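For reference, the structure is listed below as structure tokens.
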Amino acid sequence: MSAAGFYALAGVALVVLGLYGLAVQAHLLRKLLAVNILGSGVFLVLVGLGGPADAGPDPVPHAMVITGIVVAVSATALGLVLMLKLTTTSGRPTLEDDAPREGPEA
Amino acid sequence: MPDLYHALTLFLLLNLGAGLWRVVRGPTAADRMLAAQLFGTTAVAILLVLAQAGGVAALRDVALVFALLAAVAAVAFVRRAWPQPEDEHDRP
Amino acid sequence: MSLLQTGIDALLALGLVWLAWRALACPDLFRGIVLFIAFGLLMALAWVRLEAPDVALAEAAIGAGLTGALLLAALARLNRIAPAGTRADTREAWRNAPALLLVLAGAGLGLAVLSLLPEPAGLQAQVAAELGRSGVSNPVTAVLLNFRGYDTLLEVLVLLLALLAAWSLEAEPPRREAAPGPVLDLLLRLLLPVLVLAAAYLLWAGAHAPGGAFQAGAVLGAAGVLALLAGWRLQPHLTGLPLRLAIVIGPGGFLLVAWALLLTGRPLLEYPPALAGALILLIETLATLSIAATLAVLFQGSRPAAEPPA
Amino acid sequence: MSPVLLPDLPWEALLILLPLTGAAAGALWPPAARAIGLLTTAGGLLLLAGLGTAVADAQTLRHAVGGWGAPLGIELRADALSLVFLTATALVGLGVAVYADSYFERSQARGFWPLWLFLLGALNALFLSADLFNLYVTLELMGLAAVALTAFSGGRAALSGAMRYLLATLLGSLVYLLGVALLYHATGTLDFSLLTQRLEAGPAARTALGLMGAGLALKTALFPFHFWLPPAHSSAPAPVSALLSALVVKASFYILVRLWLELFAPLSGLEGAGTGEVLGWLGMAAILWGSWQALRQPRVKLLVAYSTVAQIGYLFLAFPLLTAAGLPDPAAWRAVLWLVLAHALAKAAMFLAAGNLLRFGGHDRIPDLDCVAQRLPLTVAAFALAGISIAGLPPTGGFIGKWLLLEAALLQGRWDLVAVMLLGGLLAAGYVFKVVGHFFTPAAAGHAARPVPAAMEWTALTLAILALLLGLAPAWLLPWLDLAVGPGPAEAVP
Amino acid sequence: MTGPDYLAALLLLAGALFFLAGTLGLLRFPDVYTRLHALTKADNVGLGLIVLGLSLQSGSWLVAGKLILIWLLVLLAGASVSHLIARGARLRGIPEWRR
């Protein structure tokens, strides 16, 4: 298997790990880490699949990944602010798992 | 010569893996951060070697960015995130 | 492909998966973040091995550097708000239930990936054929700013949106930084000019070599983060319109270019070939400024003080 | 590919640039944000009229961004299908914008307008894009804007709902992107038309379909991926809830429809029929589960949010109807588009009305809604009218949509779908009248009441009346929908 | 391989050894202060030797200058961060190792 293949498969593994972390971890910071790892996995598949082409590497996936990285950091920054604000309000850096109950609206 | 470069890269990568042990092990936050610092330096070395091996000058720019940004994360740690001693969760 | 190179790639790929696993599974959050920073470093090396130096630059600056700093700063605030909550708390009931399902899904995905590996299709030829008309000679910059410039326009808007969203939440005001001390001060004085120069260099290099607005913006943003960490703050008279201008000028300038081109009767974002290089450089320069300002302000996490009450 | 007929103005590009420029301008100069927000939202309606006439002439407009054309560049595409969704966006958007102008206090409003314009621009860009990766970027822009708007009021429930929503929307887009990666490397293009020509059945196409379908279903809140919707939609400010339920979930549905009609349904085997059946089952489950949950909710906004879960289910019933016959069934798709429009208008009206109730009494607990019929007659009328449309009773737009869908199911002998639709209709009537009934109960004790601005009542009523008119004027609209569903599938089948 | 090549290879290998020493120190030394010491060895000397070897190989003054600039930057960052960490550790009362 080619080198790019290793990375594409590692990308798949990262996607699976990210999904698992997102499902299993309760702490929101950890969930955001999981989303980032999931994203890195997707990016690796996107570029890794381009593989060793005779015409050199394909720049289009590279550009897409750079776009994706910037989107990821934007979303992470927003997620962190949201997490901090939520923790200030509720006292816990986790989501309540129970269904929303009756209560005064904000 | 290319073989030497690649062997060197592999060796440095293994080195990096060994350093990971300290990140996982701790015991203090400072130890983990130090290991991360060594990580950065090793990665710079790897990038420089790979730049020479493949004749890709751009990798030296990547190394430059590494060298610059490694400091930022470390300063962020020292100034912000260093837990106070009582928060040190995992003493040996 | 020598055996040594295969070894490097295998080690990197395995290291990435191992680091991701540890970052997600280890009990201490701080350790998780440090492992995640290390993960970002390895990702950058992986991009290098995948012959994607542009992505490696972006990952080194944004993925490993700034995201790490963002996470560390957020953890610090979290510790002040809810000191008890930072230890891992996984939902025990959930631990094993989805694992099998996920492994199966991953196996299916892996097979699909393997089926594509032998002869993946791509756009190398088309990019190479039109590169001469794009105004730049670095193919990745050509794709980002010209062939698919519309994506990039939306993407700088995403960054602006994230900042506006963070501001609309009005998080708690940042604490006052302790005095930096002589060593940090020296580091700052030496590093800041280097960071600014490096950003300018990356911006300029982007036209013909790996680099460009995002990498340059991230490096310049790192300079801002470093200054913030050392306790520097914007003068109150700069936190209003001047700061907003710095943040909006990248996406705003891009939009204005789009309007101007549209008014001359061209399709959306079609550059006249003679002007393409200059327009791309203009857009990238403005974008660099805005990306840097936005990232630094996002690191701060709240609107700079002295914003006049609306 | 159809020849590019450039109209007088590049309407597609203007529809995208105008709101986004407004957003940037509003961010730069907050005191002007309100004027910019209202003007650009209204201007969008004019641009849409221009685009409508152009599409009526040319059927499909293509706009090569950057002048490159597919596969190297990105192409915009406007046809009747995108026009249906753009129309829903423009109408609901204008109503909500007018409503929001009275709803938010001045200091809050300055933050609201740029975020709303970002959302509007992202929606327009999404409905006009013909490029898979560009769709990913618009999805992220839309998702982050929607999350920001959800968290806007800053309360604990809203923050928690927004956080859940953020994680769900990021996960959905990334899974979608993974599917895009596979398709790109299988075909070497991201453009819809080229993909239609190049995509072949196989493991890559199958996996990509599964991934993109799952990611988009998560973002559309299809059962069982609906877990994030009720907390987010019920805790957001009322105008935001209206936008989220009426428009944002429809956006990912739109991509799914596009993918389905143009890429996957033509493929034989598992990619086609099997997946269509699965989506249909999930749709049925969504109708039953969502309606049942709605019936049990103690608060108006939660009830309306669960009703969205159920109504999304109806949209997915068209997928098995398409495949059962082996050929595209225009009747089923016509029904879906009708439902999209009707639901967008009616659901927005319901959420706005719920917002009025909340403003009026300070709460939205259903048992304690007393005497509002006398004090807020317009709001009550809006809620009731919209509810009748949601329940699918004549003579509303919802009735026509569900009738068309029922007809398609009957013609194909899909009795399971018929049964679920009827049962869902009964349940919907039940939860609507549960709320409406309480409007007329006498007050047990006097309580404080805040005045509700007239603009807030009238916008809710106007949207509800539009949903009603949709039922009264089918002859006017049907040709349009036929245009939307007619050529697409017919082309797709060899 | 010519004479300079041998010299470069020698320098690279020596650099690698210093990295190994740094890692071993990080793993084996008993407290954070001694580990800092080990780390600075890798930073300063290991990378320095590798940079020197690569500069010899590059055959261009421009490249050599850039390599040395990178080395200086790593040196600066490493030294400052080490100092900050050591000072912070002292302030937080992380104990020194005693025999």
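A, B, C, D and E label the chains in the order they appear, each numbered from 1.
Following the convention adopted for this analysis, contacts are C-beta pairs under 8 Å (C-beta built on N, C-alpha and C of every residue); 3 or more make two chains touch, one makes a residue touch a chain.
Computed from a predicted model, the values in this text were never measured in an experiment.
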Smallest number of contact steps required from subunit C to reach subunit E: 1
Task: Work out which chains are contact partners of both subunit A and subunit D.
output: C
- prompt: So which chain ends up in the middle if you average the CA atoms?
  reply: A
- prompt: Taking each chain's centre as the mean of its CA atoms, how far is subunit B from subunit C in angstrom?
  reply: 19
Query: How many angstrom between the C-alpha centroids of subunit D and subunit C?
result: 31
Task: Could you please state the distance in Å, as a whole number, between where the Cα atoms of subunit B are centred and where those of subunit E are centred?
output: 11
Query: How many Å are there between the centre of subunit B and the centre of subunit D, using C-alpha atoms for each centre?
result: 47
Message: Counting only residues that touch at least two other chains, what does the list for subunit E look like?
response: 73, 76-77, 80, 84
Statement: Within subunit C, the set of residues that touch 2 or more other chains is 5, 12, 33, 49, 54, 66, 75, 86, 109, 113, 116, 120, 122-123, 127, 147-148, 151, 155, 158, 161-162, 165, 169, 184, 187, 191, 194
Field: Multi-partner residues of subunit A (each touching 2 or more other chains)
entry: 15, 19, 45, 49-50, 60-61, 64, 67, 71, 74-75, 78, 82-83, 85
Every chain pair meeting the contact rule: A-C, A-D, B-C, B-E, C-D, C-E
Task: Sort out for me which residues of subunit B touch subunit C in the complex.
output: 2-3, 6-7, 9-10, 13-14, 16-17, 20, 23-24, 26, 29, 32-33, 35-36, 39-40, 43, 46-47, 50, 56-59, 61-62, 64-66, 68-73, 75-77, 79-81, 83, 87, 89-90
- prompt: Residues of subunit C touching subunit A in their complex?
  reply: 1, 5-6, 9-10, 12-14, 16-17, 20-21, 23-25, 29, 32-33, 36, 39, 43, 46-47, 49-52, 54-55, 58-59, 62-63, 66-67, 70-71, 74-75, 77-78, 81-82, 85-86, 88-91, 94-95, 98-99, 102-103, 105-106, 109-110, 113-114, 116-117, 120, 122-125, 127-128, 139-140, 142-144, 147-148, 151-152, 155-156, 158-159, 161-163, 165-166, 169, 171-172, 212, 214, 291, 295, 298-299, 301
Contacting residues of subunit A [partner subunit C, same complex]: 1-21, 23-27, 29-30, 32-34, 36-37, 40-41, 43-45, 47-51, 53, 55-67, 69-78, 80-85, 87-88, 91-94, 97
- request: Name, in rising order, each residue of subunit B that touches subunit E in their complex.
  value: 1, 4, 8, 11-12, 15, 18-19, 21-22, 28, 30-31, 33-35, 37-38, 40-42, 44-45, 48-49, 52, 57, 60, 63-64, 67-68, 70-71, 74-75, 78, 82, 84-85
Message: If we count contacts the way the header does, which residues on subunit A are in touch with subunit D in the complex?
response: 15, 19, 22, 28, 31, 35, 38-39, 42, 45-46, 49-50, 60-61, 64, 67-68, 71, 74-75, 78-79, 82-83, 85-86, 89-90, 95-96, 99-100, 102-106
